[in-house]
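There are structures below to look over.
There are two complexes below, and they share chain A, which is joined by chain B in the first and by chain C in the second.
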Partner chain A sequence: MNNRNAGSVISRSINLLFGDENIARWETVKKIIRNPNSRIGLIMIGILTLVGIFAPFIAPYDPYQQVLTESLEPPGLSHLFGTDLYGRDVMSRVIHGAWIAVKICVIGVGIAFIVGNLAGALSGYYEGWIDTIIMRIVDSIMAFPFLVLVIAIMAIFGPGLKNLYFAIAIVSWCQYARIVRSRYLSEKEEDYVRAAEAVGFSDKRIIFGHLMPNSIAPTIVYASLDCALVILVAASLSFVGVGAQPPIPEWGAQIAEGRQLLQVGWWIATFPALGIMYTVIGFSLIGDGLRDMLEK
Partner chain B sequence: MDVDIVSDHKNKMKEISRNETVIEIGHLKKYYVLRKGFIDKILVREQKYVKAVDDISLDIRRGETFGLVGESGCGKSTLGRCVLRLESITAGNIRVFGQNIRSLADRQLKKLRKEVQVVFQNPYSTLPPHKIIGNMLKEVINHHEIVKRDMIKEYCLDLLGQVGLSEVFYTKKPKALSGGQRQRAAIARALATEPKFIVLDEPVTALDTSIQAQILNLLMELQNKRDLTYLFIAHDLSVIRHVSDTVGVMYLGKLVELAPTKELFQKCLHPYTKSLASSSPLLSEVYRIDRIELTGEVPSPIDPPAGCRFHTRCPFSFSRCSKEEPKLIGPDKGHLVSCFLYS
Partner chain C sequence: MSLERYALRRFLEMIPVLFIVLFIVFLMLHFIPGDPAKNILGIMATPERLEQLRKSLGLNEPLHKQFYVFLTQLARGSLGTSIRYKAPITELIFSRLRVTLSLVFMSAVFCVIISLPLSLWATKHRGKFPDYVARISSLFVFSMPEFWTGLLFLNIFALRLGWFPTRGWGSGLLDNIYHLFLPSFILGLFLTALVTRTLRSDMIEVLQKEYIRTARTYGFSDRTIYLKYVLKNALLPTITVLGLNLGWLLGSSVVIETVFSLPGIGAMLLDAVIVRDYPLIQGISLVFALAIMLNNYIVDIIYGLIDPRIYRS
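Up next, the complex of A and B:
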């Protein structure tokens, strides 16, 4: 074995720390980091997450604090991104909005990812009536346009951030289920699954230990692209008024507030929009990079 | 002299143990139900089956290699999968070490899984692609609790050594291995549970010739060392001749000829066996078998021909062949054939 570059030194020390198993895992991580797309994307989203977590310490002002005497100040030294109609600091509001964006991705896409993977695994592995039930549910959800269905669910549960997460999850798990199911259908015919059956492993072990690691890659790619989509959907919903309610500093809601004031204060809507753009580009880059790496 | 006596003794011991039957297959049938289409349902057509294995009986004795040969689609792999209990059995019985495997409690099934293992044909799909070889072995060993946990790595490395892989491969993923190395790793996995019986489902078909010989020699060496019994499935008669003690020839779900290897190749009786043997340049040369060319396709196992299943392609068929079904009977002791030419 040639241990010339820094990467293999690190992989050797990981080997010493955690045992041989983790070398293979580390190789994958290394490959993802080496890809320029996913590296830039990961850095962008990493910054976003850090900004979101430490928002209360980074933001120069309280995002809810109204100072009516400083209403509609253009970007300047005291307020870098200017102030809105009520004199709230736009920069602080955009920074706090980052945390909400991260939460939407983690909770909304996270639930959809887990539920979709489980449902797809069950329906792909067992087929039969389980498959029929799950796939008919998926079909009926996907019969509606994405945004319309989310708006309908929000109308039932009422507006608010919490309901927004779940509405997004309810609608978007279907794609994951379909992707995973099709992977399982082809993957379970492979000889290594036959061999696992011959060794006598339980269904649970074959599904989670053997099939899932080999069919999860496309859903990870899809999830990172889905994050971008979900950010946009959440912003659109807040924009039309069924998502986050004012005064919550959600980016879509901020754009909606700034919309009428575009001619007198362009900065109110522009900076949250840039935030959305940044996030969407970041997730798309990760998705592209992962696709290059994980899918052959 | 001494050496001869010792080896004589060994052979005698082998002969004694060989009479013990470990696998008994009795009138095994495996039918796959064909799904009825919409129009079939309306017209109330009768249910159709794919008769993959149709009434096969054979015994495998301890320590022997039973070669099962036939064209693709004749049901030989299905038979192997039935013995492994990866497929349900439509009718008949399979006894593995005296245990009827049609009805097994969970604990007995786990014991069967430990005692009966398999090596598959395609080296490129037989190993879980995300696992390093060491972890794959460990998982199997832990599942059957073969050795204590602190001994497990040594045991794995020992296994790899036995199949001719160096320790380097312990941390390698399957994609870093060549076809032959993968097949060795698959053999290591099969050996990990310390089985007594291994189904080899065309283990060398996908490998190139030089590697084939290595793998076959490895398998034979392991058989001697570990007192293993093999069911060797292949479509290549010359491979079968090299490894097996007894040969069964299958055609369209039926056993058409069953004989000790030497016997079979010196005078093969069934026209189908003759055609198989004569299609191999090496064998037809050695045993001076006249070339029999088969015409036409293998009939569909959904609607197999009436009478002898081979009569549609048999150059010697006569009127009786399409009316009656020949039985598997022996003109000689131990050499069974199902053909009217010999009854």
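Up next, the complex of A and C:
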């Protein structure tokens, strides 16, 4: 599939969902921006992404540099968010944490999104035994509490950020597969799919060219809510010590480091916690806004 | 189809899922990169001890035979022996199940106490100030990681003000409730953030029903309409939403039990992860999965009991 095709899958899906196919692409964008929820959410996540990408240039200090003489300094002019026990600048660490948050969403949710869409497509389009197998696997994985299964996977493969992305993807693709499958089952009966079949288009063309653009939208909505969820899960895992390991400036790990120091240095754990809240609110608002439009 | 047949069919549908769940749990040990025995005992372990552990975990047998042994053991009600505690895993889990179940139950109670009035209030004044307050506060509560809220509450209400115990589990019913108050309040709060949204939209839907209009034309007061019709019809979705969120609640209990040093199975899971007690990790994951499957089954049956259209079609 060339670039133009891949782009058109998304834009056409958005067009089909939010209006006539011939509405220009920017009309859709305008609609998304006009919704107050998704507008604020998009701005928040946009800022987060920029901060994450340019973290090395924005952060005033090296997030790993220990200056033991400046240990536990409260927020002030030289260190806006204060310093931690080892004299590291909390602000720089929070800023670098933004990049990790972005990576968790892009890699963890990204893999889950792609795998879930493909698995759901196979399941919903072909039905039969392939559907049975995929859906039973989905049911089984979803029988575990999300956090518990991720913890078990991390226990098997060992702690660390890379395994964290992987573990999150293994567990969260299921929800996408379910959403896509149920869309395919109803969408398949529509005339345009029947017509495509009658003309003799290949399965691949029907799935990628016709069904996918028409069923991807609900998964995009879910993906933004999933990002919020995954940020919380990743932070929880790092907090309990099975996710990102210190000294990596992941927000949950930073809260764990500041946990014992809340009475003497509230700023060490508070600012990373605000970072998590900011991100989760941003993604939730995008999700809410998109869902409002989907339901209208 | 009768209710009995519906219940039976749902049960039979669960069997393949149960089988795959068992297989996933079984495979956990085998997905460990390298030699599981070495991974558990560390690089300093002697060859004799490694061999001994391999033997006790049955790792020398072919895979299908191991799975067979795993299943027959399970059928006898055994989940194997914990490496760290050197005790049967079923006993370990049962001794701590009470804490986790009490935590989950009390969180659900808190959730109902908070979310019902909140969503009634939001519904009654929808589109106005109280509605926004409810929505924004639930967004904020949802965005805070539970462990962070836990730490905040622990520091404010337990350490600073001394109103609640800082850690552990009490003795006797009242003392236990006292110890569980803060942790279950926090979980209940999060659950409220999840439930209120559904509840609000359900209530608004009920309000648009014709019997509500009829009740209004009869001149019933708002109070009667909300308490007698709207609340009554909203109780059912509340229970369903609570049931559906049990998985989330059990997952969060792991984190909250750690923050409040509660001796539940969630905290035991993390202990097991840290000391690489894989049989215990397998056992706890399985118990969590079984609890959720059972819960979903019961929710389905309750659903069928209340709305027979579900199984008649």
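One rule holds in what follows: the second predicted complex is superposed on the first by the 270 of 296 C-alpha atoms of A that agree within 3 Å, B and C clash if a C-alpha of one lies under 4 Å from a C-alpha of the other, contacts with A are read in each partner's own complex, and residues count from 1 in each chain.
Heads up, the rule we're going with is that a contact is a pair of C-beta atoms (placed from the backbone, for glycine too) under 8 Å apart; a residue touches a chain by one contact, two chains touch by 3 or more.
What you see is a predicted model, and the numbers here were worked out from it, not measured in a lab.
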Checklist entry - Between chain B (first) and chain C (second), which, if any, makes contact with A:137: first, second, both or neither? => result second
Item to check | Which superposed partner A:214 touches (first chain B, second chain C, both, neither) | outcome: first
Checklist entry - Does chain B (first) or chain C (second) touch A:126, or do both, or does neither? => result neither
Item to check | Touching partner for A:86 - first (chain B), second (chain C), both, neither | outcome: neither
Checklist outcome for this item: Counting residues of chain A touched by each of chain B and chain C, the higher count belongs to C
Next on the checklist: By the touch definition at the top of the document, which applies to A:166: first (chain B), second (chain C), both, or neither?
Outcome noted: neither
Item to check | Touching partner for A:196 - first (chain B), second (chain C), both, neither | outcome: first
Checklist entry - For the complex, which residues does chain C have touching chain A? => result 16-17, 20-21, 24, 28, 31-33, 139-140, 142-148, 151, 155, 159, 247-248, 250-252, 254-255, 258, 269-270, 272-274, 276, 278, 281-282, 284-285, 288-289, 292-293, 296
Checklist entry - chain C touches which residues of chain A in the complex? => result 136-137, 139-149, 151-152, 154-158, 228, 232, 235-236, 239-242, 252, 255, 259, 262-263, 269, 273, 276-278, 280-281, 284-285
Next on the checklist: Considering only the defined contacts, which chain B positions touch chain A in the complex?
Outcome noted: 81, 84, 86, 109-110, 113-114, 116-118, 120-122, 125-132, 134-135, 139-140, 143-144, 168, 170-171, 173, 186, 189, 193
Checklist entry - Can you list the residues on chain A that touch chain B in the complex? => result 1, 15, 20-21, 23-24, 190-192, 194-201, 209-210, 213-214
